[in-house]
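Shared between the two complexes below is chain A, which pairs with chain B and chain C, respectively.
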Partner chain A sequence: MRSGIFAGLLLATVSATAAFAQGAPIKLANVAELSGGGATVGNNWKNGIDLAIEEVNAKGGLLGRKLEVTHADSQSNPGVARAQVQKALDNEPYVLLGPGYSGSVKVTSPLAAEAGIAQIMGGEAAELTQGGNKFLFRTSFGQQSSMPKVAKYINDELKAKSVAIVWVNNDFGKGGRDVITKEFAKYNIKVAADISTEAGQADFAADVSKIKAAAPDVVFVYVNEEESARMLKELKRQAITVPLVGETTLVGQKVVELAGDAANGARGHVGLTTDAPVDLVKAFREKFVKKYNYVPDHNGLKGYLAIYMIKATTEKMGKVDSKAFADNLHGLTIKAASEPGILMDVTFDEKGDIDRQGFLVEIVEGKQVVKQVLPKLN
Partner chain B sequence: MSNLLDLLVAGLATGAIYALVAVGFTLLWQTSQTINFAQGEFVMLPAFLMLAVMHAGAPFWLAIILGILLSLLLLGLGFKLLLVDPMLRHGVLPLAIATMALAIGMKEAVKQFFSAEASPFPSIVPAGDVSILGRVVSLQSLGVLALAIAVVIGLTALLNRTSIGHQMQATAQNPTVARIIGVPVERMILLTFLINAFLVALASLLITPIYLAKFSSGEVLGQAAFIAAIVGGFNQVRGAIAGGLLIGVVDNLAAAYVSTQYRAAVPLILLIVIILFRPQGLLGRPEERTV
Partner chain C sequence: MTATGKYLRIALGVAVIAALIIVPMNFNRYGLYILSQWAVMTIAAMGLNLTLGYAGQVSLAQGAFVGIGAYAAAIMTTQGMPLVAALAVAIVLCFAIGWILGYPALRVQHHYLAFVTLAFSTLAFLIFRNEDWLTKGIYGISNIPRPNVLGFATNRPLPFYYFCLGSLGIVSLAMWWLIRSPWGRAFVALRENPVRALSLGIDTRRYTLMAFAIGSALGGVAGTLYAPLTQYIDPVPFNLSLSLDLLMMVIVGGSGFFFGPFLGAMIAVLLPEWLRFTQGYYLMLYAVAVILLLIYSPTGILGILDRYLAERRTKAASALRAVAKSRLETAP
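Right, the complex of A and B next:
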């Protein structure tokens, strides 16, 4: 009788524990640039994550469990990012989200890999996914994918013979500058001025004077969002009229907001834009604007997509297993038809790089206008 | 040569703004021995005050007026009464440290209550270009330069040609004697705090369209203006003006002809050279303060 009661209690305890585990929230950790030079990047990324989590939870969660995220501020500083990631990993999250800055990703990715936790991040530096880290995943194109498209556009469409390159002296900027310089060499485009700038730089008068003196056919600008806005204003102030070409960081929503009229005419390749002629992206934009009262840039999209990458991969596995997560995301194709939150069909390769359609855009009267859709490769 | 002209115009325009801020440094030091390490943040805040007024629906011109008035109240009167007066009796160093704490507090407060992200800020000078010596020069650069020079000339006239200016100078040179001869010393000190608040509000209005409104934008400005004040002469308004213009030009030339990475070091090297060979600054005079 006594042993029967004990067995009954044990069974009840095990059942209760199992039920609790089944219903316990899935913990995610986000470390992003919530202040400092990358605040635009980090806050868009964070808001995208929060929006997606709200949606997933409203529909019953992931495999019946709610998603829960903690946000930590890297202050746009790689040293702080590393400390925050270590702290986040100590709490054993299912997946680590962020950071957005390539320099911060570079110093934090070994920590996540060592812990065996998948890291979905916003960095775009080419080298990030070239080092054999099996736990690192992009949310947008790396420079090795985007720069050849930009160089081809400058050669084929703008017929440029010389170009001034303005880049920010950090991992992101240097990586982009190195890749595009090689691409320009393939087309015999001369680099008339090679100008490095500092992260957080406020005054670009001297840099633009150098560009003016070099008289290039095109100016290629590859600095972060706030610096892009200051650069565009200074280029306008000094009456530079040649085409200004860049990547997402030159033609993003925040840049347009900050630079005002000076952003008009800027062109660039973007992997993600809320102006994309894609119905699901338009719907995302509406939801984001409704919740946050501003139009997100590509970082908002990246954060949103990161959560749906987790959802699609976990549903494919049929279980919440942080150790198996990375293996299952490698080689995975997620179709927007089956998972609308992913917005556009996407494939992840063995390095964690992505294949998805991209866009060539131009800023016209303060708005991104998609000039060309570049299809998904495979 | 043409490139040099561009650099000089841009450098003078930035330098003129540094000069406005540096003049505030010297005024506060001369009248109340206050070294305000929050001076950069004092430039940052008025832009946010103006933005807050605009967000409330006011037009830009009204935001400028209210922003300047609020600056006079907070950064002039409030700063003196709530921080300088209670701290100064404990010496210059505790006050200097208190202003450092104030700088951190102001940055964090703006980050907390406004945003950590940069915000656009309208320019009072219209966009456009004019041709000078065959070179296209932006109206904004010229406008900033002209306005800053006008304010500096006005301030110099106030100090040198008016009774109030003479009383302020007397207060700066020897407050005890000034008090004996009937100068309302306390009122003159308060006036310098209000003038400083006006200057930083004006500097904010001129620089923020270029640097964007951001909680951290005062860091660079505060450092540049502090260096300018020392290089020019911490105890002379004309020294601060010269120092500001010089630092603006040197910074731009260094970025163009030395390197962007080392541009921040060049004004500091200039500062070291000045301290070694002319400690009172280019236009300063050796301290004659009695103990």
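Right, the complex of A and C next:
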């Protein structure tokens, strides 16, 4: 018995020593919504991460070391997310990935900051990066950068004087609604109807009747993909013909598939989409579909990009240094020409927000057509 | 019960308490967080055990009471008030609401009552989410401070765990006393046979309301601990699934047994964590384990123990009877 314990200890010591040697894997930890209300978000994010890690490792890894990731399920519950992030941080990962829900990001980001470990997450709520956290990074536009573009488009191009806002009552929908309402106020656009809907809502007849009664110049729809499709169908059924404007979730491929004809004419601002007219994005989409047999939403792209953010930053530093990571990612510009995995040129500012090109698209005969490319700011 | 049996039980109790105090000293932050969560959920489940296990009233609103307590704590402590004040508010509020919610229990029973409490649960969730001015709605309340207890800061995980454990200890003692008091007996009488209880002069109306109110107040106590534990709350954790979880804890542990909620919360909080090594399958395995357990023993884990003890007692009694009988037969 005793010799068995000794052997075990010896083995543990040997493997621990080996872990410090050059060539040991770099540990990453992902905490995401793998079950519960955010399961679509979390699983897309996870698959994106796995795909990117597979690619990096197939090409010899990062600075000659393999990447390794552990996935933990937050059950879409902030309390559980906190426990899982705590667990992940106790194992001292190089970088923390996730979560995707803004509430879960809020509860976990102080922990990562305290541990001095960079956190690359999927949350889009505006306030996440405004609290001065030096370790938190986005993978997509925050609502504070996407919504002003949408409001500007509604004002400048569509010349709307009044608008109906339809939003889903969770942190994603409410966040977007609050930001765009302020933007509309700047342009003196009247909010004729302010309609909150539930995640998973099946019937929008009553909501659309309210829109009809309010007779706005434009309807702004900010709900998830499935609900967007149902909403579009109901809008068509009740013969509402004013322009329908939204964000990524209104004009995605999934919405087109579900809504069919009703999706035609819908337009929106898109930050990350697998329909982007960019060759690298198209190639990503093909790889993803080949591996997982479905077309990812923007969360799949976000997870994929997170890994390439790590790769580019680490290669810039020339070493694996978890403490210096956040400092080096701040202010970094990653060019797709030198790091194809990043798909589109991107710059990270001091707050951890991103700057990247965006698109204004419209659905024409069941296809996403890019009407305007909104260039990167810097 | 024999004297040795009694000492054995006391020794076991002391050993478990000592283990709960000493063993976690070496735990990492994650382990301490999970154990604190266990203590908090045990308190909530104890409240439900009183309502369901002792008084026999099915409630699907316990999660809502945890939410009320958590919001009371979050709102008040982020405004600089002490947690004790929040605790008092939570207890009074949950007691009062529980009392009012108990009224339908006087008229409807079992699944009808479950529907009434389910409606309340949904109502509470909608209030947490839609009343932005009070609860900050879907954005939730962040930076909830952890309290100073008797001059000790509980910001670190270990002191906060002791704070939760201490609270659990106090609640357990109070509950122990309660179910052995005439009130506790009245609750059981209510569950077993309300008509007979009434004929014995027990004010069934008052005791039904009381069981609901006290059970709900304990939910509130758990909530006031939950808020500083996670330090951030939003409405989602307090939806119906928490009420169902708590109901499951009570039933799996053994409804109507004093230690049922302790075991039930352990299964509900710790088992999924232990099963996490199975990656995507852990929730499925957890569900299967719970189903199998309830098929094997509908009265929960403590039901198994109870059955075993009852069998042993029966065996012992029949052995005694057999001996007595043979003596009678051999007697001249």
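In this text, the second predicted complex is superposed on the first by the 313 of 378 C-alpha atoms of A that agree within 3 Å, B and C clash if a C-alpha of one lies under 4 Å from a C-alpha of the other, contacts with A are read in each partner's own complex, and residues count from 1 in each chain.
Convention: a contact is a pair of C-beta atoms (placed from the backbone, for glycine too) under 8 Å apart; a residue touches a chain by one contact, two chains touch by 3 or more.
Just so it is clear, the model here is predicted, and its values are computed rather than measured.
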Which of chain B and chain C A:K174 touches, first, second, both or neither: second
First (chain B), second (chain C), both or neither touched by A:A58: neither
Partner chain(s) touched by A:A83 [first = chain B, second = chain C, both, neither]: second
Dominant toucher of chain A (residue count), chain B or chain C: B
Partner chain(s) touched by A:A337 [first = chain B, second = chain C, both, neither]: neither
Partner chain(s) touched by A:K212 [first = chain B, second = chain C, both, neither]: first
First, second, both or neither for A:K106, with chain B first and chain C second: second
Residues on chain A lying within both footprints (that of chain B and that of chain C): 34-35, 169
Residue ranges of chain A touching chain B (in the complex, touch as defined): 34-36, 39-40, 43, 169, 195-198, 200-203, 205-207, 209-210, 212-213, 226, 229-230, 233-234, 236-239, 254, 257-261
Chain A partner contacts - residues on chain B that touch it in the complex: 2-3, 6-7, 10-11, 13-14, 111, 115-120, 127, 129, 136, 138, 140-141, 209-212, 214, 216-217, 220, 251-256, 260-261, 263
Chain A-touching residues of chain C, taken from the complex the two chains share: 28-30, 33-34, 37, 129-130, 137-140, 142, 226, 229-234, 236-237, 273, 276, 279-280, 282-283
List of chain A residues in touch with chain C within their complex: 34-35, 37, 71-73, 75-79, 82-83, 86-87, 89-90, 103, 106-107, 110, 125, 127, 169-171, 174-175
